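One structure, pasted below without further comment.
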Amino acid sequence: GCGSSGSTTATTSDAISGEINGGGSTSVLKVIDAAGSEFTALNPEVKFTYSGTGSSDGIKGATAGTYSFGCASRDLKTEEKGSLTELVFAFDGIAVVVNPANTVTNLTTEQVQKIYMGEITNWSEVGGADAPIVVVSREDGSGTRGAFEEMVKFEEKLKPDATIKEGNGNVQSTVAGNENSIGYVSLTFVDKTVKAIDIDGVKATVDNVKNKTYKISRPFLAMYDKSKVDDATLAFLDFLMTKDGQAIVEEHGGISVL
Amino acid sequence: MQAIKRKKQQEKIIEGFFLVCAFVAVVSVLAITAFVFYNGLKPFISNSYPLWNFLSGVEWRPGSNMYGIFYMIVGSVFATLGAILIGVPIAILTAVFISEMAGSRVGKIIRFAVELLAGIPSVLYGVFGLGIIVPYVLKISPMAQGESLLSTILVLAIMILPTVVSISETSISVVPKAYREGSYALGASKIQTIFKVVLPAARSGIMTGVILGIGRAIGETMAVMLVCGNPIAGIPTSLFDQVRPLTTNIALEMGYASGVHQELLYSTGVVLFIFIMLINLIVNKLVKAKVGS
Amino acid sequence: MNRNIKFNAKNLDLYYGDFQALKSINMEIRENEVTAFIGPSGCGKSTFLRCLNRMNDLIDSVKIKGEILFDEKDINGDIDVINLRTRVGMVFQSPNPFPMSIYENIAYGPKCQGMKDKSKLDAIVKESLMKAALWDEVKDRLNKSALGMSGGQQQRLCIARTIAMNPEVILMDEPTSALDPIATAKIEDLMSSLKKDYTIIIVTHSMQQAGRISDKTAFFLMGEVIEFNETPIIFTNPNDKRTEDYITGRFG
Amino acid sequence: MSRSIKDLFVKGIIYLATGITLSVLLFIIGFIFVQGIGLVNWDFLTRDFNEKVGYAFTEAKDVPLSIDEEKLNDINSLDNRYETALEGPIYIENIGAAISKVAYKNHSTEREQIVVTYLEKDSSLQSAIDSTGVEIKIGPDYMLQSINGKDFTDLSLDEVAETIAAQSGELKIKIVQPGGGIKSNIITTLYMVLLSLLVALPVGIFGAIYLTEYAKPGKLVNIIRFAAESLAGIPSIIFGLFGMAFFVVALNFQISLISGSLTVAVILLPVIIRSTEEALKTVPMAFREGSLALGATKLQTIFKVVLPCAVPGIATAVLLSIGRVVGESAALLLTAGTVAQIPGTLFSPGSTLTVQAYYVAKEEGNIELACAVGIVIIVIVIVLNILSRITSDKLDVFNKK
Amino acid sequence: MNRNIKFNAKNLDLYYGDFQALKSINMEIRENEVTAFIGPSGCGKSTFLRCLNRMNDLIDSVKIKGEILFDEKDINGDIDVINLRTRVGMVFQSPNPFPMSIYENIAYGPKCQGMKDKSKLDAIVKESLMKAALWDEVKDRLNKSALGMSGGQQQRLCIARTIAMNPEVILMDEPTSALDPIATAKIEDLMSSLKKDYTIIIVTHSMQQAGRISDKTAFFLMGEVIEFNETPIIFTNPNDKRTEDYITGRFG
């Protein structure tokens, strides 16, 4: 059910009510929280909550029914799919970030790959200062990491001594605190403490992700079990796919699917 | 007669209530233990992953079905030992200062400060570690990053202070005055009295504090996660190497894992459990051996 | 009989908070004598005794005025308390053995003085226990905890512990109140023999005991020293009516 | 004399150790304050974490301005950390409120907004209701985003004022309650402390009493003690998983306040049991003997003599427990969720201050915000510490004099 | 003189772990008499006394064989221990006041029995303190902590505390060892007067005291009762050589 029927009017009067409790990916949190807030404004009878516990947890919760719907920031593995219905409600770029003091501004996908695999270990090899590269990655199972490894093509080949940090924020703080480090974070979370570098000469911006010139991007998924889902949840997911809903997605750093 | 009977009944009822509380407490304690062991031993019993590979492996790549935790065990042991070596003596001496040497007002203030330290969430210790300790370690480190065994040890040592200080301080302060008087009257100095009579008399309580403190050191996750580096392989050989303690391994991936991966995270929990059980046994033995009689 | 003055209390007042427990005590205690303190319960005997080795330092509420000279130095002045307490040993009113083995209890003092030689320590332990009439009862369980002893055994242990220090003065707060007559007799014998080399000050409730062993006796009443004199005089020909009343049991 | 030198040396070490402890404490607290104090103010404490969007229904009615212009134009009321004045204010009679354009900023967004800066006493905004008829309390700092379907985005303040003034009769206003505060987290934290102590303290203390005073000492008791001690080393995330499997799923309590507090209660039990046992053990046997010899029952002995003597030790356990609840994050993440809302019922999710601090550090890398939350946590811990000290002093009849 | 048998010990053995502290004790203790236990330190007097109100229940290592009948019921059998202890009061060898106020210490027992009436409690407190010869010393500080009292005061407080319970039997473990002669005399008087209504069992190290106040005396030695008889007989004409040796101080 990708395409939404479009016109959930803002003045719905046959009130939707119920409790929606979603959970899962933390990368989608900002977007979903904002959308939930708007949705409950439109439908004051609805109680909406979303717990950011990680993509895999979202999938499990949706399957088990502990969440009304789950969210993931990566594609589902086949064994995870089960009876779940998926809905791509946004896209997100993953920015490769370095310390602002770093002089390197551009890397090729291949260079990034080699850095993460441990084949390039010094910044001078990619045009920077003569300093060792500190590689920062995310925890195993993170949607962001899964998507990043897949797109930069070094799945399961991460160098053994890479520093692992939990969450976009920690990666950012680490990169901000160490001049020689490199990391990657969801585009929705990049702030000025780090510097996003161009990949293959393309800037990591929403527009570039949208026009597909920036290649490192992944979907934001919502999923639910058809047999367990309730009307309020469906109405919310429908709303997410409307123009209004997608506007909120964009406003919070996501990339519209429309 | 009636009254006595009623009193007796009342007594029985309340005793029953105590029993229920003990039962609930015990059951929940045992249930957790069972839960961890049940889940953690499953992969080895069903043979979905060989125990030996799990215990001796030095690389953790769930995606490639490599689940070795040996390097994490080493990291955990080093981190815990280091934290104990630094933290426990400082903590016990601080407790001594509070209860034996500080005046009652100064003692109160320090005690309050220590309790405050106990109330600071570990996340903030982590943030502190990342913001202050890691950069400082980076400065003196031959490595390119400050996340390291040393940072981990320092953060943990700080974190076990409050537990050990408060519990030790409490048990020192209840040592009967007669012991101190007896010792002073034999011409012992204050320091001798403290170390030869007071501390031994308070030993049992102090050990509880130490065990709970060690427990915290071993079990601490959130703060450690930020400063240890969490590499996916590599046995630490120097203080400046990154480590991935068992706890952070669990916490990092538990939210995502499923199937064998998840079960092996529980197995990591079992290893931790056994780890602290051993320490516990050793400490208890030490206490008993010393008490003599 | 002109022995050196060991302790000399001058106008000593002592307060527990607001409560005055000792009132202007003046007393000269001489070397190599046994001095006994008698008086009704609560009159301040223990309090005064505890002044002599500054044990009252441990009680926060205590305030002391006046002075106590020990070998002519004011013990409340600038002296080494540890040294004072090494030279002035004390046995307390209720037995307070440490929660260690019997052996360790006795070796404690010498060890604190820095003695490490095991054989010397063994010898001291044995000798002290013998002097305190406890050796035979405990020689097979020297390494057992001292807390598993009977009340009287504990008290004798505490005496042995003090003897082991070889102090100049021994303060004893009712040391035989928990003892049977035989053990008491032994302790009294011990005191008489120690008297040659030591100064002994003893608090006792037993007139007989005071009469038997002491050279001088001080009678305390409500924080004051009513009379302090040669023991025979106190017991046969006291100057003060109140002393006489107390001695003869006609008191109160 | 070598002993006094040795003593002096040891004394020095003790002072040094205490010094280290204290300076570590000062350093950490200093770090947290320096990083976070800039964000802490009244709004931070009283606002919700997330913005809350709503539609307010009311009727236009003319309310003349009753304060003088000068006062109106004094926009000191704006909290410059969240809202920086750009244009305005302009007073609009038909809603009885003054609006301004500000640069609005919180932990997650930064944008230009129209906000209400002044409200007349009988402004029509004061009597707004939502679509279900429930009253909405609109206050200053609320943002206005559209009126009767006309969006304010990209309009200047004057244009917005004209748009609003042009409306009459029924008004449907899209309002946004400002976010960036941690009110809901404070309340959730207090709930969590209260609930988990309510469960864990009686069970732990009475359980410990049973184990020390009633149960025959032996293998079983030793095993329990041993298990309790060993559990202290299990990372709380494992408790969280247990709580998730048991409270959340098996008992179907959902991710909620109750699941969270029960899980934390389970975490606390080993600590409370062990410290209470230890405290009970230090009560001299002579007191028990004395009491029993006076014909007191075992229970009377326990409540009138033993427990009061053990109060200081138990108080320590309680303090450590409070610290533990307030500081817990991993277990709560899985059982109480990360939802920054005031839990309406026991079965609603909620995030404590620590979970919030953890979240902002982890996801947003916002150290200042995490430390600001930390300051509030420290203050709460201080207050709770003082409260429990007072209570324990009240109970501690024995050590009074 | 054929009074009822209050306690009747039959073949009582008691072990602390492996150590046998009492060996086959047989003893009949009669109502309204004062029975004294004498014997050297560590011979088992306190241990036996503590059997009579089952105080030894509290020591885990204790094992008991044989029986003790109290009013013809075996106290180690199916009886109400609390009730037993209410009827059989005890004063311990070392004073153990609770860390509460003096008043609360004495009101403790009656309160535990359920008495709430303030004026009755006041009366009991006053009366008990008077009987224990302590009233005058403490009447102005009833609300002060009992721990700030002198040793003898603490002991008398414990006696007062027991009297306040109005028991049938009072067990006293060296109750006057910390007391001065006057207070001792008062307590002895008290015992004599209580004897009319109560049964009193006292452990003492003072032969004189045993002679003065007791009707029967039991001589203990190394866990055995060597001789148990009318006091005058024990002191003037003992059957056993060992008794005689002990009494005359020729022992050991």
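Going in written order, the chains are labelled A, B, C, D and E, and every chain counts its residues from 1.
As a convention for this text, a contact is a pair of C-beta atoms (placed from the backbone, for glycine too) under 8 Å apart; a residue touches a chain by one contact, two chains touch by 3 or more.
Because the structure is a prediction, the values reported are computed rather than measured.
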Chain nearest the global centroid, as defined over all protein CA atoms shown: B
Pair of chains with maximal C-beta contact number: B-D
Euclidean distance of C-alpha centroids - chain B vs chain D, Å: 25
Gap in Å, rounded to a whole number, between the CA centres of chain D and chain C: 60
Centre-to-centre distance between chain C and chain B (centres being mean Cα positions), rounded to whole Å: 48
Overlap residues in chain D, where contacts from two or more other chains coincide: 3-4, 284, 297-298, 333-334, 361, 367
Sites on chain A at which at least two other chains make contact: 53, 57, 166, 170, 173
For chain C, residues that touch 2 or more chains besides their own: 82, 94, 112-113, 148
Chain D residues within the chain E interface of the complex: 217, 284-298, 300, 304-305, 309, 397-401
Chain D-touching residues of chain B, taken from the complex the two chains share: 7, 10-11, 14-15, 17-19, 21-26, 28-33, 35-36, 89-91, 93-94, 96-98, 101, 110, 112-128, 131-132, 158, 161-163, 165-167, 170-171, 173-174, 176, 189-192, 195, 204-205, 208, 211-212, 214-216, 218-222, 247, 250-251, 254-255, 266, 269, 272-273, 275-277, 279-280
Footprint of chain E on chain C - complex, ascending: 16, 38-42, 46, 93-95, 137, 148-153, 156, 173-174, 177-185, 205-207, 246, 249, 251-252
Chain D-touching residues of chain E, taken from the complex the two chains share: 53, 55, 58, 60, 82-83, 85-87, 89-90, 92, 94, 96-100, 108-109, 112-113, 144-145, 148, 158, 161-162, 165, 167
Complex contacts: residues of chain A adjacent to chain D: 10, 13, 15, 21, 23, 26, 29-30, 33-34, 37-38, 40-42, 44-45, 47, 49-53, 57, 64, 66, 166-173, 176, 189, 191, 193, 251-252
